[in-house]
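Each of the next two complexes has chain A plus one more chain, namely chain B in the first and chain C in the second.
And now, the complex of A and B:
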């Protein structure tokens, strides 16, 4: 039951590792694509720009292994922040770049006049459909967001929770064994830790 | 609804947390990891950790210590002090920081901020500006408030906006440690210049000082010394704000009712039974 945290040179792996250590789940930071087959649950973290993330994943040969893990073997994967966006079809960040396309949708720039961009801060979620990710978590809890690009499905498909920040944004998406959260559960105190635990227990 | 982040400022000098007064005098508080652990438990929204004399050093020293400081902390972390190059940025982010705070280097090599934003995204780049009001004008300082900079605040903010900075911290040198409230002049002035999230730091002496600046468009409130004075200071600060019907404050696992404040906005004494209820028991909640 080891959790694999994919290291593709993007983001804050230390705090995810901390979170799983705190929860007492065995976890490893995955540097080598050959190791991916050893894990039941994968975490795809990510802080930074979309094109760079995809090119790093390619460079380290992670792409095919992640596909085989999630699509062929149908094992669990959780994308966090940029990691969630990478699960989608494409992004317009900097230049048009194709994503993993596990869930269809385009990532767009959060173009707002009256609100600060990037969107930084804590938000309560509006729940669209039920998910065991939020088992035993108070619906009023807040989660920490920090992003300038967003995704919102039309029609409302594969969406579990949304928030409104100038416009409606997807906060949590899921399709079968694939999960993505736009916020940072590892930075959202107890409710975030509980969410990570729920993901592992799924 | 406008949301306000309560940011705990952790000033580090020679490896210990200190209170800072006008960027000149420093009083010791204690071990960073213990202090940060408390802020996290008390429900702070974010923590900013700064090596306050970092600009005098050859490289960023806290980058190696950071993971030790924050290993029991599950709120967003920004860190900085003495950032010199991309290697510092990479190391800080790798050791658990979500955002990097740039100050003095911005006047020497702004390009570094731009490059960091391109690699790690704008949300990871914070420009921290130290200012002083002199002859009714805003004067920018660098190098721990020891060196004047010529650039005007308008130009700096514009530059930050165009070069990919994601957030701006404004530290008031006059108000630092004064406990007399935040610097309103500066907020008024920069409010119309940018839609980047602004965090104001320096001068908090009581919770109503936060209420005073909520009329401006600020995203974060930086609180340093004030959080050192009493147990569970973050909880009480939030309780005061919520009790006074200020919305946009993140509630945490503490209950925010049944608290009374005296005329100095300090929490009234409570019975031991009520005190016990407020303790933080993560495992009891998690399992």
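And now, the complex of A and C:
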């Protein structure tokens, strides 16, 4: 079983690849949309701005293949950071842009007066519902965040864990075979690596 | 047969260490990969091949620093934990001169009975380079009590000391509302084992869960201490840390050439005093560690008897990684000096604890790893040798 890490020109994928190498899971950086169908598990990473991410995914013809993988074939996908936001309906970053809409919700600017934006650093999670993603992981673990836009569902739906940083923010979301984490598991020590392993084992 | 890493001299001790009596087991006993290399070598080779983007790490560090600004209610940007030794020199100068931060140094100073003159001089030397520093010294009577208790209970003199060294700066950071705190290195990456080949991050957020300090002062099982006695040994709760938006960062993760040897070289140029003791007496090749007191030397000896490796093993492994020593030379050095500890240090500790040498030896006999050592001609000798 090979893990596919989608490369659509948004961020450095080296750390993710190293994480899966360390966990001894075969993994490949996916450059060609035609190859998406070969994977049982997909990772949608992402660093940068939402509109550019969507336009890059379109340019590389990834969008339809990702939809087919996740919605038609119901295979697993994990969005990380911006990758998580892309799984949602839309974002107001720079200009209104539609996302994949796998989970409904809007990504908004983290408009905080007393807090630094972007939110950078390690935070502990508050768990809202159970998920196998966190199997055998200590609840007190810290995860590394780096983002200026956020998502929080109202009513609380599809949310596994949240953090409070000036306001409540979704840290982990999931709906059926779709998973998203606002933080970077590949930069969150052993607990982050364990989370990636749990995702593969789901 | 103890297996050694093919590139350095880290051992694979998984079959030799029972998990009951030692605390550091997991860090040193990790197995070797298919090529016979330890985790540290995997990390170092990865780094040598320029596969780690240190520019990206610096960018990450700067983002973290920037994100603390709004939570800062002080004129200092950060706290740097220091002793005046080599690593603290590197950190303090890096934070001030490279990162351009206003630093408040925080030092936990040993009680006068334990502190060496050299240690005091080194801290003065660092401050004389133009730093503000808060020095905190804890009640010497309880300090000694805890150390003695830890020695008898765990065969490790420094558990309580390490708790205090880590916890004090966090207390200061919260009190002074400075939300950024630097520590030196994450030993998980640099001397023992990493996570992924490149390591995952520079977070020291979970420092209190580290091997020897895990559980905090309660885990010392010292019943007679009051809450006040333990105050500065006890790490502030995560709730308090989170409320202060405190970020704890290992600077070593972000600096490519963070090596004890390199740090010492820079520190010596800036006036640090090192040890002139003989390596065969102190089990230390270079004499730039444990400058501010002498009992670390005894503690390294205890570690050696429990785990089969001491400070010289750490030093030669690091030297191999920096290409300043061959593996053959390293083998010689380990055979000659690892685990060495002259009677004068042990006697000094016995005097400090007010115990007899016989009492000391009984503790040693109780904690020595009999799978690795045998008692011959009045001495514990290793059954293994590096090759």
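Note that the second predicted complex is superposed on the first by the 202 of 202 C-alpha atoms of A that agree within 3 Å, B and C clash if a C-alpha of one lies under 4 Å from a C-alpha of the other, contacts with A are read in each partner's own complex, and residues count from 1 in each chain.
By our rule, a contact is a pair of C-beta atoms (placed from the backbone, for glycine too) under 8 Å apart; a residue touches a chain by one contact, two chains touch by 3 or more.
Quick caveat, the model's predicted, so the values are computed rather than measured.
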Fit-or-clash call for chain B and chain C when the two complexes are aligned on chain A: clash
Partner chain(s) touched by A:186 [first = chain B, second = chain C, both, neither]: both
Chain B versus chain C as contact partner of A:71, first or second or both or neither: neither
Chain B versus chain C, judged by how many residues of chain A each one touches: B
First, second, both or neither for A:18, with chain B first and chain C second: both
Touching partner for A:118 - first (chain B), second (chain C), both, neither: both
Partner chain(s) touched by A:110 [first = chain B, second = chain C, both, neither]: neither
Touched partner set for A:47, first chain B, second chain C, both or neither: first
Which of chain B and chain C A:142 touches, first, second, both or neither: both
Region of chain C that runs into chain B when the structures are aligned on their shared chain, from 43-51, 223-231 or 331-339: 43-51
Overlap of the chain B and chain C footprints on chain A, listed as residue numbers: 12, 14-15, 18-19, 21-22, 114-116, 118, 120-123, 140, 142, 144, 146, 186-190, 192-193
Footprint of chain B on chain A - complex, ascending: 10-15, 18-19, 21-23, 47-49, 52, 82, 112-118, 120-123, 140, 142, 144, 146-148, 184, 186-190, 192-194, 197
Interfacial residue positions of chain B with respect to chain A in the complex: 3, 5, 40, 43, 45, 67, 70-77, 93-99, 118-124, 166-167, 195-198, 217, 219, 250-253, 282, 285-286
Complex contacts: residues of chain A adjacent to chain C: 12, 14-15, 18-19, 21-22, 114-116, 118-124, 140-142, 144, 146, 186-190, 192-193
Chain A-touching residues of chain C, taken from the complex the two chains share: 51, 53, 56, 60, 63-64, 66-71, 195-198, 200-201, 203, 205-206, 238, 242, 247
